[in-house]
Amino acid sequence: MLAGNSIGKEFVVTSFGESHGKLVGVIVDGCPSGLPFSESDVQAELDQRIPLQRPDIVSARLEKDIVEISAGLFNGFTTGAPICMTVKNKETKSSDYDAIKDSPRPAHADYTARIKYGGFNDYRGGGRFSGRVTVALVMAGALAKKLLRTCGVDVLAYTTAIGKVKMGDNNLSFTEIQKRKFESAVRCPDLSCGERMIDAIVEAKKEGESLGGIIECVALNVPAGVGEPLFDALDADLAKALFSVPAVKAVEFGAGFASAELKGSENNDAFCIKEGKVVLSTNLAGGILGGISSGMPILVRVAVKPTPSISKEQKTVNLAKIEETTLRVSGRHDPCVVPKAVPVVEAAVAVTLADHMLRSGLVPRILKEQK
Amino acid sequence: MLAGNSIGKEFVVTSFGESHGKLVGVIVDGCPSGLPFSESDVQAELDQRIPLQRPDIVSARLEKDIVEISAGLFNGFTTGAPICMTVKNKETKSSDYDAIKDSPRPAHADYTARIKYGGFNDYRGGGRFSGRVTVALVMAGALAKKLLRTCGVDVLAYTTAIGKVKMGDNNLSFTEIQKRKFESAVRCPDLSCGERMIDAIVEAKKEGESLGGIIECVALNVPAGVGEPLFDALDADLAKALFSVPAVKAVEFGAGFASAELKGSENNDAFCIKEGKVVLSTNLAGGILGGISSGMPILVRVAVKPTPSISKEQKTVNLAKIEETTLRVSGRHDPCVVPKAVPVVEAAVAVTLADHMLRSGLVPRILKEQK
Amino acid sequence: MLAGNSIGKEFVVTSFGESHGKLVGVIVDGCPSGLPFSESDVQAELDQRIPLQRPDIVSARLEKDIVEISAGLFNGFTTGAPICMTVKNKETKSSDYDAIKDSPRPAHADYTARIKYGGFNDYRGGGRFSGRVTVALVMAGALAKKLLRTCGVDVLAYTTAIGKVKMGDNNLSFTEIQKRKFESAVRCPDLSCGERMIDAIVEAKKEGESLGGIIECVALNVPAGVGEPLFDALDADLAKALFSVPAVKAVEFGAGFASAELKGSENNDAFCIKEGKVVLSTNLAGGILGGISSGMPILVRVAVKPTPSISKEQKTVNLAKIEETTLRVSGRHDPCVVPKAVPVVEAAVAVTLADHMLRSGLVPRILKEQK
Amino acid sequence: MLAGNSIGKEFVVTSFGESHGKLVGVIVDGCPSGLPFSESDVQAELDQRIPLQRPDIVSARLEKDIVEISAGLFNGFTTGAPICMTVKNKETKSSDYDAIKDSPRPAHADYTARIKYGGFNDYRGGGRFSGRVTVALVMAGALAKKLLRTCGVDVLAYTTAIGKVKMGDNNLSFTEIQKRKFESAVRCPDLSCGERMIDAIVEAKKEGESLGGIIECVALNVPAGVGEPLFDALDADLAKALFSVPAVKAVEFGAGFASAELKGSENNDAFCIKEGKVVLSTNLAGGILGGISSGMPILVRVAVKPTPSISKEQKTVNLAKIEETTLRVSGRHDPCVVPKAVPVVEAAVAVTLADHMLRSGLVPRILKEQK
């Protein structure tokens, strides 16, 4: 079964389109009717993808993506029918990619895609495997976030590390992070740390190198009881969505890998009563127990590998001749995809939460009876 | 949609049963016909769950699980029909769990399950959320491993850390790991390190504490081309399966979190030619590029949190009275679930690989024409 | 993808077991928690399968099936976990079936199953393809019916034709049909017509022949708005469930095939107001418009083919020798499966409606908060 | 779960778009790579939808639909990525539909959709429920048919009845039907019968009436062994696809309803040997036994109800005022949708067969290794 371009069981997101094809698009099926929604909701998210403060730290492909919604809306509301959102590809210099047809770029999907599809895959710019395709997830995420907001749920991702530059502990509130995040070209709410991250990227770029980093994502106000064990556990489905974001190599919830070193008494979040309600006094579990949300903030962290495309010469092979060769990746590429990946991580979390809120029966199928 | 007890799209595993109910079981639908399979294949896996060398480091619930296969086999072969495997629960002291009915154990699913199911969930021993239920996955894993072996694929999990005791780098081959693993009660192939892990567990137990750890899993001989991007990427589906294993809080592939600190040239695995074949000179990607296997070993690592059940007194709340209280978990519990989780991780990887090998068309639907 | 033994998206029914294996069973995943349910609810349905009045018109295999529920219940309520129900096979004379190993019985699945599974299928008594396996659907149907009743929905199937004997138009109410149905060994609410049907079956049996018939099923009180177009239309999913019942060769809703001969003005059900509510003055649509329930009774009719097993000599082939031969089906078989198929049709409709009522958000995920 | 706009498990078809929105489209995920395919393959199918010989017997909406494929093709071949095909809506007179906003047209989905989506549905021209949306299925069908042809499978639908005019038995071969079908404006291969059908439609139109009919579909060369019992039986999935075609009210295979009146010996197709191969001497089963193809032609028949839209005055209600009223459907509508439904039935059968051929492992995932 080759079909793997849909995710979600109630809020079903289907991605389509290629980096250097006509467009990138997404269908969302299962969104309740009666949600006020328009292209401007999506455009706002798309516009935030590119850090306008420092265009030098991202790819030169600075196309302004304009969303078109061609199905599923009527009179400014969702109708209950599938919603189709697309963005046209404009700046596509396909000639840049002739070189990679037979010589796969290390750490890209060029080789594995060629094997899988027998060489029929659209290899230009990575085709379906390009970071470009994450635009589809961002568009679906815009819808998911609007839907979640009707339930009071907010999702927020931000950068906590670029290469070896790491944001230390801070006491920033959700609102402060939300406010400061976009002041930073790398989406790091600790602005001075963000400056050091930018310096590191600029340095790497000069060297013909690239950097990775860590993105953290918080979801506030997810009620207790969301998630469907055993296999459709909330963390399991969040991880699935996050690992489908290109370049993500690790996912952890709450204390994550650190919890492996703790003792039970250190790792167990105690229950207590606060203002008459059951809460947890700490949140090392990251808001999920037994695959079900606990009512505490959902906290997830992902590792993003350094951009595979670097200007330095790399060893590879010529697949047509079955011989070793070298390659220097030309074309436009980001020295660090972390800033652009921040909204994608946010979108992956949002669509998964929207799916699970619907699955838990916490979102009505008709959002508001129309007069 | 409450239904979440199945995983896989072609090799579909459905788990059922509770810790203190009549049985724990699994249905596997989609297994090709013609695979020689019997209860003894499963029994061998079940028998390895308990480290007989050191029963003191695991729960006192030392029941010998006897598998029964009640559907899907005929004349010693799979028939193409769903396969049903069950294990009866014998040693169930339900009275141990009266205390937790209203007072959720910290870091367990007691609270979240109660909210989700309105108090109707079988809370005895954690019910569906008990580690006991992983027996279902181990049984399905036995079938998956037998199926994978017809394609030459081998899956092997082992412990690399318990609490703060970590196995260092070693040059053990797959075969050596395979051989030594069961010599160690904690399933650590570095036997002297394994002894220190055991000491740490014994120490923790004395203190009324518990420990977590790290489990690594390797899959050998997975051909290039397995995995279905975008969303059914091989790493995405492996992560989903692994996060559905209780106590897993983090999953990483290859260099994982460490890759976030590397530069592109350090993290990119170069392609080269070896014996006329395209291979990668290193494997920091963990055998997966763009969600598709590269032909290199699949390498995944999970963090297991310390057992939530500890003898120490803990703060919790009484949900009936909405007041704070304390709790001391009685009943039988493992001071460290890592050794028992090793075969479960292996099974989670195996069922996912079996599913994806089938999806990739690499396993025939009839394994052998019967005479 | 061989996996095809599950149906439903929210109320997910997985069938397993073979005619001459150890058992026949079913897992239902997705049932809300808090539904009072026990083995006696299922047993009542199982007991009605066999027309005790006239055991001579059914197969000699008069085993009393005793249900066992081994997972998913606690303290008399559903828990939200998967529910496992099984029935043991007792009277299995496998030797009866040696003859069919290589000589497929006409109109049975012997040949197609052999091709599909490469000869590994359990052919005894038809294995997975036996009418025996419908017990699984009846058990799941018992649960579905109990769930539907919490919403006031009632499902009722009955026989309207056996061979050429057809029940004429009648003005029987739902309640009258319900009452009379079981007075008739063939489940025909027109009792005198039922007697003629019995005579026809007895006659056919004498001749070494078999008969088919028509079963009608009505679902009352399904609210308007149930069904998910485009492809998961209510009629589409009902038809899928019904065609998966062995021997069903045709399905129609409302006027069905007859509507093809009507003019628009004859076939269109007019809307009108009755007691302040919108209703339809007629119900030629069978309660479904555009794949969505209209609030009128759901009305579906299926054709059941004559039992393939007949005592008369039939032409077939020897698959081992690839030569023509003849066969006389020995063993126990029903001269007419219609009476036994009535509860199966009812179950197929009930599980589909339960699934769609859940999908439409009309059944809460927790049926009642437990004290 | 509102999401119901996808069908298929391996060849997954997702429909989107509305009658009076911007476009109607379809995504097909799971198509193997390496299939030569282009817009002209689809255009040929779209062009056949409208019987150019007699435009007077169809709706005045004679828009020429031009397909655009915007994803999933590269260098003239499928790539293995999702394929997106769309057709723009041009002739949309939305004003025609103001009247139906509150007054549902009898036998249309206006009322049920309004209830289901709380009035947010795009009611113009029936929105998602319009016959217009079947263009999506026809486009997916064009791809499915091209894929099936690589396996030698041919699918052919044609009209056998319009109202009371029925095509009698004939000995037309598949090739003759194929050739003559398009000579008839109503797609009836018996051309003189087709003329009488046209007369009946013209007559009905004059009266302000509409007619329904019967469409038969044959699939040739489907190998034995296709179909996945229990629930994903080939007939079950074909029926599901066919009932999701608007206006279909009945589906039968082979002898269908007539088989209910036959005796076993009459209905059982005997096996015999022909040219060294096992075949069936008759085909009353319609090519499917136990949900699996037998190697004989698949034969399915559907009843299409008369077009709900008629010019005659009809009784309905005003849903805003909850009072009875009358309505005369203005706007463009077909006096008989049967001719236009013929390619839709063909497409529904083709996509289901493509899905099941893939599921059975009978189509390789890469169709041809590219040089």
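A, B, C and D label the chains in the order they appear, each numbered from 1.
In this section, a contact is a pair of C-beta atoms (placed from the backbone, for glycine too) under 8 Å apart; a residue touches a chain by one contact, two chains touch by 3 or more.
This one's a predicted model, so the numbers in the text were calculated from it and none came from an experiment.
Asker: Across the interfaces B-D and A-D, which one involves more C-beta pairs in contact?
Answerer: Counting C-beta pairs in contact, A-D comes out ahead.
Asker: Which chain has its C-alpha centroid at the greatest distance from the C-alpha centroid of chain C?
Answerer: Between chain C and every other chain, the largest centroid distance is to A.
Asker: Compute the distance, rounded to whole Å, between the mean C-alpha positions of chain B and chain D.
Answerer: So the centroids are 46 Å from each other.
Asker: How many angstrom between the C-alpha centroids of chain D and chain C?
Answerer: Averaging C-alpha atoms per chain gives centres 27 Å apart.
Asker: Any idea how many Å lie between the Cα centroids of chain A and chain D?
Answerer: Between these chains, centre-to-centre, one finds 39 Å.
Asker: In chain D, which residues are in touch with two or more of the other chains?
Answerer: 1-6, 9-10, 15, 116, 128, 358-360, 365
Asker: Considering the complex alone, what residue numbers of chain C touch chain D?
Answerer: 1-7, 9-10, 13, 15, 104, 106-109, 111-113, 115-116, 126, 128-129, 133, 161, 163-164, 204, 207, 209-214, 224-225, 227-233, 235-237, 239-244, 246, 249-273, 276, 278, 281, 285-286, 288-295, 303-310, 312, 314-317, 319, 322-324, 358-360
Asker: Quick check on the complex: what are the chain A residues that touch chain D?
Answerer: Within the complex, chain A contacts chain D at residues 1-6, 8-12, 14-18, 21-23, 25, 27, 29-34, 70-72, 74-75, 77-84, 86, 116-122, 127-128, 358-359, 365-370.
Asker: For a test of understanding, state which residues of chain B touch chain D in their complex under the given definition.
Answerer: Interface residues on the chain B side: 1, 9, 360-361, 364-365.
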